[in-house]
Structure formats: structure tokens, C-alpha cells
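One structure, pasted below without further comment.
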Amino acid sequence: METITSPIPLFACLASLLAVIPIVAFGKNPNLRESFTFSAGFAKLTLVLLMLPWVLDGKIVEFTFVDEIVKGVPLQFRVDGLGMLFTLVASTLWILTSLYAIGYMRGAHEGSQTRFFAFFAVSLSATLGVAFAANLLTMYLFYEMLSLATFPLVTHHQDREARTGGRTYLTYLLSTSIGFVLPAMIYCYWKSGGNMDFSTGGFLAEKVGPTESLVLLLLFVFGFAKSGVMPFHSWLPNAMVAPTPVSALLHAVAVVKVGVFCIIRVFTGVFGTDFLKTMDVAVVISWIAGFTVIVSSLIALTQDNLKRRLAFSTIGQLSYIVLGVSLLSTFGVTGSILHIAMHACGKITLFFCAGAIYVAAHKKYISELVGIGRVMPVTMSAFFIGSLSVIGLPVTGGLISKFYLVMGTMQAGHMGLLAVFLVSSILNAAYFLPIVYKAFLCRPEESQFEPGIKEAPLACVVPLCITSIMSVLLFFFPGILLDLASLITGVGN
Amino acid sequence: MEFFEQLIIPKFNYWIYVILMMIGMRAMIAKNNLVKKLIGMAIFQTAIILFYVSIGVKEGANIPILDHHMMPGEIHGGDPVVVAEFANPLPHVLMLTAIVVGVATLGLALAMSQKIYRAYGTLEEDDILSQIKLEPND
Amino acid sequence: MIPAFDIILLVFLVVTSVIALRVRDLLAASMVFGIYSFLICLLWAEMTAVDVAFTEAAVGAGVSTVIMVATVYQTARRSKD
Amino acid sequence: MKGLALFAVAFTGALLLYATGDFPDWGSLDSPANGGELSTHYIKEVRKETEVPNIVTAVLADYRGFDTMFETVVVFVAGIAIIAVLRDFGNGSRGYPPALANNLPEEPDLIVTQTCNLVIPVLQIFALYVLAHGHHSPGGGFQGGVMLGASYILIALANGVEAAMKILSERKILLMAATGILIYSGTGLVCLLLGENFLDYHVLSRILPTDPIMARSHAMLFVETGVAFTVTAVMFSIYANLATRGTLKGGL
Amino acid sequence: MGEQAPIVIVLAPLFGALLIAFVGIRFKALCLPVTLGALSLSLAATVETFRTVLARGEFVYLLGGWKRLQEGDGISIGIEYRVDTISGLVLLVIAAVSLLVAIYSRTRVVADTPDRVPYYYMLYLLLVAGLAGMTITNDAFNLYVLLEISSLTSYALIAVGSRRAVLSAFNYVIMGTIGASFYLLGIGYLYIKTGVLNMQDIHAVIIANDLAESPSIRVASVLILMGVWIKMAFFPLHAWLPNAYSYSPTTTGALMAPLVTKVMIYIMIRMMVTVFGLDYSFRATPGMPLHWSNLVVTLSSIAIVAGSVMALSRRDLKKMLTYIIIAEVGYMVGGAWLANEKGMTGAVYHIVSDAFMTLCLFLAVGVIIARTGQSRIEGMNGLFKKMPLTMAAFTIGALSMIGLPPTCGFFSKWYLVGAGIEAGQWHYVGALLFSSLMNAVIFFRIFEMAYFPKEVNEAEPACFDPDAHPLETLEKTPSSMAIPLWISAVTLIVLGVFNYTIVQWIASALQSLNFFPAAG
């Protein structure tokens, strides 16, 4: 495989980090400040797109900061198909979220907006760092950076609720990453003889026994708690105290996807799916993920707060991805990778809608949304498309990834897990469709909505329309994503 | 008796040094009065000096000063110095340092105890501690 | 070195050290400590460590005792133990 | 606390006694320390290498001269530290708890004063002798310095600290103590500036009218003088501060 | 200066102190410039020495020009300095930290001890001289003398503080004297069996005369270890440290906390490696029920856990940091005793990184105390808004303590945990991770307090009323405090990113030693 050494990954990662300086410097002038956010966003996307052709050609883009940060392990970026896909999703959605955030933050009269945009940019850099990381150590570095950079965002309101949420957030994320990932990582380093580079075959392949593998896998899966695998999931609903753009981008796209991204890396790059197939240990992870899928869907059913329901839905969807990759089958892994993108588009739409409803009508609870489709038809249509995508119904991208996941299950021959998918799809439908139904078809009670209520500001509505359209488009044109995914699974499409 | 002759008598100095050291150390830790602690500290330090000086003692040897007239050094073409006739000088040198260090520590500690007396009006550790308990603490 | 003298001195040392620590009058304790220092100075001389003996006489029996007495004068004379 | 102390003491004592059986007998000639190469070298070669008969002085001021320099610094540190901790700049002895010293008679005793006045000159001359003759007999900078310091302490005891401070004021004490170390380390520094290692006295023969061996002997006298300076000043300073609670007024 | 560089490291602070005695008493304004000049010279000499060491591998300086007997192959009759990369690193840390703290002290010393500024700076310089001398010397007894210098100066530097400080300093005198005397006694036990005082000679004689089984040598090792442990406040011998550091003046705490314990750990390593030899330190002793190395690692695990738990229960920032130091001491002692190269490397690297972490945190707390007048956690409401730069530096220090990349704290933990896994000491690994988590809890509790405004935090019991010290009216942090703080914070990241270079330096010094695989 050809390797290109280029600083473009670095620039792509730095674009948002450097934007922090003008964002803070021009904090007094909101319009100027936001223009920097946008320029950084477009710069980032351009840089990412520059690398896209190379990656599609099967080349790998590399950049090394420090040759050896510890013996044998460099601090290095390496862009491959998986990283490219994730980066593409994250940087595209960042631009949309920025636009949305402007509408939301101004519409909801939030304070400390400079801090908000600054840390938002930092979070994006950390996300790209994880996506580009060439080895476990580099990935861990950016993973921790992301945990910390998002803390001020989660606790943005600085009230008592935010404090509790922030506490839970950091407690879960830090204690798992320090308590589980760090020792597992050092153990890997020691076992592999000082090598931590992600490679197709896995750097740990043939170097550990089944019991060690299982323990390490468990440490990694629970340790990357951003993936929300039960029982380390409850930070996510608590993090919903954040302003909605944060929930949308970070807790539907960046942060949680970083968690599952790391787990995919562990399966494909650290152990290698081929090596894991020789042992019968990954199925434990599959069942843990399956359990999470069902239970979180059930919990989601009982939630009345819209954002919390979305959060539990996210937990379930993330476990789809973990489940898919732990199947170790080609289809399963492909499905997982695709689901990162598909779910991102769908879920971010839903969060955007939740935020738009809050900005326009100040409603947080599902029971208050009866008939809201009549006053906010655009928003609720987008919501409908988003939920279709999450459930996995045509004509949305969610169907494609779910199709691959189901195929993967069959390929791996785990019929029990197939049932998990089916049951959970029904549950997904059960917690989303009634909202849409009531919003459009039921008549609102008297005085539920004040007369002035209409659609949210344009800056809010436009992004959510775009993302919902993207969900649909991904159904028709999934080619590029499949190409990228096939670079990892090694199967031509 | 054999035990006595082999272990006690030839090493009497070492036994006594251990005893003195234990006396001093116990006073340092367990005594209540600060000045008493310091007396203990001084005894503790002299015990160590006793140990070192005992190392340098030689049976039948004299003080470690060469004689001017009777024993000129080799440089003047005289007889070579008989090592067995002079005590080992090195422990003496080391202990000069230790004595000075001891008095320096003692002086500083006494100064501190005066300052403590100035602040608390007593030199008894338990009285001072009970006064501290009344102060705002962490 | 004179073993018999050595042993007698050592026994006296232990005795004076115990007394210095037992006496409740700190002034007396300081004085006994002076005696202790003097005995140990004799001991050094007996062990042919004349330089050490000289220093101990000046520092231990002299200055140490004096500053200890000075401190006792400037603080309290009675001790609880 | 007492039980803990007893345990710690008993543990240490047992540990030490355990090793005692392993020691060479007291006064043994061929123990590693007494018969070893290091001690033998000092005794045998001291005349050849330094021309100083008092082996202790030679080892102290030359072979292990660096130790002794820092030993002097220890004394200096003690002096400064006591001033830093105890010295009372200005506000007198207001509000202090009562002390024994307050009950002392105002006027110093005649007999004490006269005896001290008689003894002090003799003491000082003897101290200088001890310092100067340290190469050949027991003594040297420390002993001489302590005795010189003791003579000032005697003055303070007999006539009050203020009387002694008139001769050796606080400012002078500090200068004297620092000068002592400066003499010591300066001697070393001159060696360094003449192109040899720090404290390598033999190179001083270039500026002293002697051969390299005698240069060592002379340099030892310099450094011993430096030690005496510091020790004199600090010993008196310690007493003056402790006897007056740092006020340097009144006294015992 | 070239060949004379090692001696200048120690002499520069000494002459600085003398200069203050001559001129500083009268002209108080000269004290700080003299201090800074002396410490800068010392730093320059350290850098020069270190460069020579890197080129040659080892730098020997003979004091008084006394060459070893038998044409340089025999025993040493004088005192010699010997610098290798490990001691060179520690020297660099000492020089750099002391210089930074000296800059930082510009306003603090005048505020804390207005009438004894010259004395303070003299003691300060002599403490640095003592610490540097301890690190550089190769003579066991010379080390004792310098140990006493650094002890006496630190007693005094602590005792110039409040009245509680004097009492803590007195306890420190008692404990410190016991520790130093144990060390002296241990050297005596070595001397009685070997007859030499130079560290390498002692080792050579132990090997040549096959003294390893001798009870005296075994007791000597125990005594020296106990002495050094008392001095470094290794749990359960730590009781003197928290009060001494937290009641002392700000500058004293900021100077001593990073340096004194670390230098003592360096000395422990020095004793293990140079005097006794690894083979002796780590081998199972016949007749001992416990493997010696296992025992110490267990003790350090306990120290780590105990230190972290005690830190958690403190409501005062300075006190809390002192207990964290106790936990960190456990890290290093345990790392050094893991009996493999990685552990030793990690311990030495942690000496460097922990010195700067502690420095950064103490400096930040000093700024907080200077500006708010107190250091209780309850009083930190809204500090992120009031003093964002200081709190940012504090955050970097805290993240390093927790052990998050890319700060150096992460990498030292990386090596130590790796070594623990390699040695199979799982309780040590567990203790390290536990302490990381504890540190995370401790520091995020503070961040929370400082990040959220007062009304949100009111649920916490407030012993301190922030309104009594209205922050807005306080002057801005003087640059003499902010600059060292930021330099130390940035150093944490630089040390982290370039940790491999440092580790290679350490490894080059450890190469000559024969590390053998740890016994299960």
C-alpha cells in the first residue's frame, strides 16, 4: 500500500484548534467571531476533501509529529478509509452544526457564547485527532483531550443541574479511560513488544491467548465509555443538560462516535478480525452489545423528555455498531462503519429538531408536542425522516447500514443476535413514530401553544433540512461510503 | 561466660552505643517536653559519634599525630611510619563534622523551642496540641 | 586505650544520660547533660581521639550546655516528665 | 504514641544489636576500617603528601577539605537560621509569657565579673594558639574558634549581652562569619583560578614562596583560620540570640 | 568554564549567599538580583556539565585534585564528584526549579517575611547548594554533610512562617535528625566493614570481599533506607511533611515540595544502584520470609493508596497537595524497587516530571493565596472567571497529576504501570490507577468549585466568605509570579512530548547495570 507523507492531516486537525485564537480574540464581536468558525469549518472540510481521492485510491496519508514518543511508538497521524469516513462525517456536520448553533444560541439567549464556540472548535480538533490516529497511544491522547474539551460544553449553563451532569459525565469517561483503557493499553504495549501501530492484521495478533484477549477486549469496550455500552452508559442521558447543538454534534456524532470508532479500531487494528475469529471470545462483546440495544430501547420508551429519549436511542444505536464489529464478519464490519455515518445524519437531524422545538416553543417534553406538526411542519417533517433513518426504514440511509448489519449477523451465524436486531427495530419504531403521529395527526389541546409560535429561526431550520436530505441521499448514493468501508474490510464492492 | 567473653567484652562499646542511642531516640519520640526531646537528640547524636570513634580505636595505638623529631617522614629519608602505632584518623575527622552538625541542629532547635514558647506559653507538647485544637483547622 | 577505664566511663555515661532525661527540673537536666558531655569527652580522650575530645569539650560540654541553660532561663524550668 | 515509640526504639535497637555480633572486635588492628588501604594511606603518606604531622588536621583540611568547607557552612547556616527564626527586629519583649530570666538580679555579680575579666585574655590567647598549632598538636580551626567564641560568651555572661555586642556587633558577626567561609572557599577558588581543581592547594606554590607540599601545609592554615572566623562569630551569635530571645538586649 | 563546571554548580549559590551576607543586609534590594544571578550561573554550569556528560557518558571531578590510588584504579582518598545522566537530570531539575521559584519569590518573600529578606535568601541559596551537592557527590559522608545543610536550611525556611509553622518545623527537626542520623549510622556500618567512604569503592569492596551476606551490610542497607525514607516522607514515616509544607511561607513550600523529596528519592536510587548494587538490592535474601523488593513495592502501594485517600479528605489546597506528594513518593519508591529497568527508568523520569508538576501546582496555589488571601477549596468559587490564566496553568498541572496525555504525568505513569505489569506486581499497578482516579476526583472537585459560580456551589459547606476578599478589587497577578507559573506549566507538556529523549538519557546511565528479569 502506498504511503504519502503530508502535513495535510495535521492542518486539517489544527484548523479548528487555531480558530480558537481569533474566536477568543474577537469574542466581543459575535458576527466576526462566527465567521472564523465558518472559515475554519470550510478550511477543514476542504483539507479533508483534498485527501479523499488519495484515500479512495488506496493510498495512506501519514504525518509524524514525534518519531518516538515512547520506545517504538511515534506520535503519528495516518489517514485510512475508516478514519476518512469518520472525518468526512464529522467535518461536514460541524459546518451545519455551527450554523445551527448560531441560530440556537442567539435564539435561546445563551450566555458565554465565546467560550462555547472556542471549546466546540477544540472538541472538533480532538475528534479529528482520534480519527487520524495511527496508533493506540495517539488515539488515547486525543480521546482524553476530547473528554476534557467537552466538559465546559456539557456544563455550559453553569447551574446546579449542569454541575450534576458534568460530574457524571467526567466521572464515567475519566474513570473508565484511566481505570480500564490505560492498563489495557500498557499491557498491549508490553505484550506486543513495543509496537502499537494499527495494522490490518492487528499488532497484537498471535501474541495473546484467549483469556487475555477477552479481558483486554472487555477493558477496551468498557474503557471507551464514550460508546455508551451498558453499564457505563448513564453519562450520556446526563450530558443532555448541554445546549442542543452540543447534544447534536457531540452526543450524536463526535463524542459517542469516537467511542465506537475506538472500539472498531481495537477490533480491526489491535487484534485484527482474523485473529479474533480463531478464538471464540468476541461473541461475549456481541451479547453485551445486544443486551444494551434491547434495554436502552426499552428505557427510551419510558422517557418523556425528548432529548433523553434521543439519548437512550443513541445508546442503542451505538451498540449496533459495537455489535456489528464484534460479529467479525465482513458484512458486520461494513455495516458498523456505514452505521457511523448513517446514524450520524439521522440522529443529528432529530437533535436539531428537538433544539428547534425548544427555541421556538420552549417545549422539552414529548407529551407537550401533540399537534406541534401543525405549527412547525418543516421541523417535524425532518424529524420524521430522521426517525425513519434511525429505525432503518426506506428511503433513508439507515436502511443500508442496518441491512449490512443483519447480513453480517447471518454471515456469522448468530441467529439469536438477529432476533435482537428485529426486536430493537420494532422498539425503535415504537418510540419514534408515535411522536410523529401525534405531532401531525392529533389536535393540540387549548392554549398549549401560544399564538405567536412558528418555525424556529432560519439558521436552525436550514441545517436540519440539509441533514434530513442527506439522510435520504445516502440511501441513493452510498457508494463513496462503501468504498471507504471496503478499504478496511478488504473486500471490493 | 563464653558468650560474655566473646560477644560482650570485646564489643562493649558497641553495646553501650546501642543502649545510649535507644535512650536518646526514645526521649526524642516519647518525651513531652521539647527541651527534653532535644537533650534526647543530643544523646542520640553522641551515641553515633561513640560508634564511629570506637571504629577507629586500635589496640596499643597512640593518638594520630606523627612525632616531629623521632619519626621524620619518608621524604626526609627516615624510617617508614608504623601504621599500627597510630589510631585511625578518618573516623575522628568525620566525627568532628558530626559534632559541629549536632551543635548547629541543637542551637536551631532551641531557637525554635523559644519561639514556640513565645507563641504558646508552654513547652509541653500536649498543652500545645490542646491549644491548637481550639484553633480553626482544616 | 584502657579497657577498664573505658567500661567504667561507658557505664557512667548510661547513668548520666538516664538522669538527664529523668530529672524534672530542666536546669538540672541541662547541667547533668553537661556532665554527660564531659564524660564523653574523657571517653574520646581515652580512645585516643584527642581532636574529637577537644572539640567535644569545647562544643558539647561548653557551648551546648550554655545555650541549653540560656533556653531554660528564657522559657520554663519545670517539666512534666 | 508512647507504645509506638517503644516499638520503634526496640526495633531499631534489635536491628543494631543483630549486626553488632558481626563487627570486628573493639580495638582490632586489622579490621577493614583500621587496616584498610584508606586509613593506612593517610597514616603512611601524610608527611610525604602534606607535611602536616597531625593526621586528623591533614585529612580534615586537605584530603576531605571539601567536607570541612561545608561543615563550616553548616555552622554559618546555623547562625543565619537562628537569626532568621528567633531574631526579634524591633518590637521588644512585649506580651511574652514570663520566664526565669525576668527574675534575675539587675547588677552582675562582682566575683563573676572579675574572674571572667581575668580569664578571658588568657582564653583568647590560648584559642589563638590552638588554632595556629593545629598542624602539630590537637586543635585547629574548630576548637580554636569555639574557644574564641566562648570567650565572647563569657563576656556576655559576666557583663550582659549588650556589653559583648559592643565589641562584636550583629553586623560584625555576620561579616565575620561570611568572611570565614570566604577565606576557605576563596583559597579553593584561587586554586581553581590558577588552573587546578577546586581546593587543590599544591598549585598555590606559584604564588607562595614554597614548594607544592609546603603549599598544602600553609593553605591548611588559611582554611583553618577561615573556619575559626566563622565558628567564633556563630557560636557567639547563637548564644546572644538564645540568651535574649532574639532581642539582643538584657540577657542572663 | 568547561572542566570546572561541576564545582560551579555548588559554588555559585554558596558565593551568592556570602555576597548577600556582605552587601544584602544593608541594601535589601540587592538580595533578589544576587540570588537570581547565582542561580542563573548555577543553571548555566549545570547545562554545561550535562552537555559534557552526554558527550562522555560520565563526568568525574576530583576535589582537591586527589587522584585515586594506583594510577587512578585504586580507591579514592579524597572526595570526588561524579555526574552521569541521571544525576545530571536531577541537577537540571534543581537548578531550573530553584531559579523559577526565585523569580516567583519577588513579591512573596517581602510580603511573608518583611524584616528578614536577606536571611531568607541566604538560606534559600544554601538550600539549593546543599541539594545540588547531595546530587552530585560520590562520597557517602560528604552526602551526609550536604544533607545536613539542606536540612538545617529547610527547617529554618519553614520556621520563618506562622506560629504553626514553627511547631511543624520543630517536629521536622526531630524527624529529620532521626533520618539523617540513621543515614550516618548506615554509612558507619558500611565503613566498619569496608573501610572506605567513596560510593563506588564501597560497592567494589562489598563485591571483592563477598560481604553481601554480612549482617552489618544488611543492617546498613536497612538503616540507610529508613533514613532516606524518613527524609522523603515515605508512608508511614510521612507525619512531618503535611504541616511543614502547608504552614511554611509560600516560597518555601514552592521550593521544597518539588525538590527535597525528589532529591531524597534520587539518593535512594543512588544507594541502591551505586553503593549496594542492583544484584544486592533485588535478590531474595536467604532467611528472609519476604522478598525484599516485594516488601518495598507493597509498602509503596500502601503509601500511594493512603496518600491519595488522605488527600481526598482535605479541604485546604496546600494540605491536599502535600498528601498528593506523599502518594507520589510511593510511585517513585515503588518504581525503583520493581527490579526491572523500566521501573527504574519510570522512577527517574517521574522524579523529573513530578518536580515540575508539584512546582506548577504549588506556584498556582501560591498565586491563589496571594490574590484571595486563603487556600480553602470552598473559597475558590468562580476563580476560572476571575483569574483564567492562573487557573489554566493549574489545570495543566492537575491534568499532569491525574496523568492525562500529553502531559509528562501520563508518561511517567505509562512507564511505571508498564514496569509494574512486567514485574507482575499487580497491586502496584492497581494502586497507581487508583491514585490517578483519586487525583481526578480531587482536582475535578476543585475545578467544579472554581468553574461554577457561587450560587451553584452554595450547597457545599462554606467556611469562608468570598465576599470578605472581593476579588475584583485585588491587583492583577504580578508578572514575576505569572511567568514562572506558565513556564512550569509549559514545561509539563514539553517534558511529556519529548519524554523519549529523557528516557534515553536515563537508559544510557542504566545500561551498564545488569538488570535481570524480575523474580515472580
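The chains carry the letters A, B, C, D and E, assigned in the order they are written, with residues numbered from 1 in each.
Here is the rule we use: a residue touches a chain if its C-beta (ideal position, glycine included) is under 8 Å from a C-beta of that chain, and two chains touch if they have at least 3 such contacts.
As the structure is a prediction and not an experimental result, all values here were calculated from the model.
Of all chains in the assembly, those touching subunit B and also subunit E are D. The minimum number of touch steps separating subunit B from subunit C is 1. Common neighbours of subunit A and subunit B, listed by label, are E. Taking the mean Cα position of each chain as its centre, C sits at the greatest distance from subunit A.
Counting C-beta pairs in contact, the pair that comes out ahead of the other among A-E and D-E is D-E. For the pair subunit C and subunit E, the distance between C-alpha centroids works out to 37 Å. Rounded to whole angstrom, the centroid-to-centroid distance between subunit C and subunit D, based on C-alpha atoms, equals 19 Å.
One simple way to say how far apart two chains are is to compare their mean CA positions; for subunit B and subunit D this gives 16 Å. The centroid of the Cα atoms in subunit A and the matching centroid in subunit D are 74 Å apart. Shared interface positions of subunit B, i.e. residues touching 2 or more other chains, are given as 12-13, 19, 25, 29, 54-59, 61, 63-65, 90-92, 96-97, 100-101, 103-105, 107-108, 110, 112-115, 117, 122. Residue positions of subunit E touching 2 or more other chains, listed in rising order: 141, 145, 148, 152, 155-156, 159, 166, 169, 185, 191-192, 197. The multi-chain contact residues of subunit A, meaning those touching 2 or more other chains, do not exist; every residue touches at most one other chain. Here the touching chains pair up as A-E, B-C, B-D, B-E, C-D, D-E.
Listed in rising order, the residues of subunit D touching subunit E in the complex are 15-16, 18-19, 21-24, 31-39, 41-42, 62-67, 70-71, 73-74, 76-78, 80-85, 87, 89-90, 171, 174-175, 177-178, 181-182, 185, 189, 192, 196-203. The touching residues of subunit A, counted against subunit E in their complex, run 65-66, 68-71, 75, 137, 140-141, 144-145, 148, 152, 155, 158-160, 162-163, 166-167, 170-171, 174-175, 178-179, 182-183, 186-187, 189-190.
Subunit E meets subunit D in the complex at residues 4, 7, 11, 14-15, 18, 21-22, 25, 61-66, 69, 74-75, 77-79, 113, 115-116, 119-120, 122-123, 126, 129, 133, 139, 141-142, 145-146, 148-149, 152-153, 155-156, 159-160, 166, 169, 185, 189, 191-197, 205, 209, 214-216, 218-220, 222-223. Interface of subunit E with subunit A (complex): residues 399, 402-406, 411, 413-415, 417-418, 421-422, 429, 433, 436-437, 440-441, 444, 448, 451-453, 456, 459, 497-500, 503. Across the complex, subunit B is touched by residues 1, 6-7, 10-11, 13-14, 17-18, 20-21, 26, 29-30, 33, 36-37, 40, 43-44, 47-52, 55-56, 59-60, 63-64, 67-68, 70-72, 74-76, 79-81 of subunit C.
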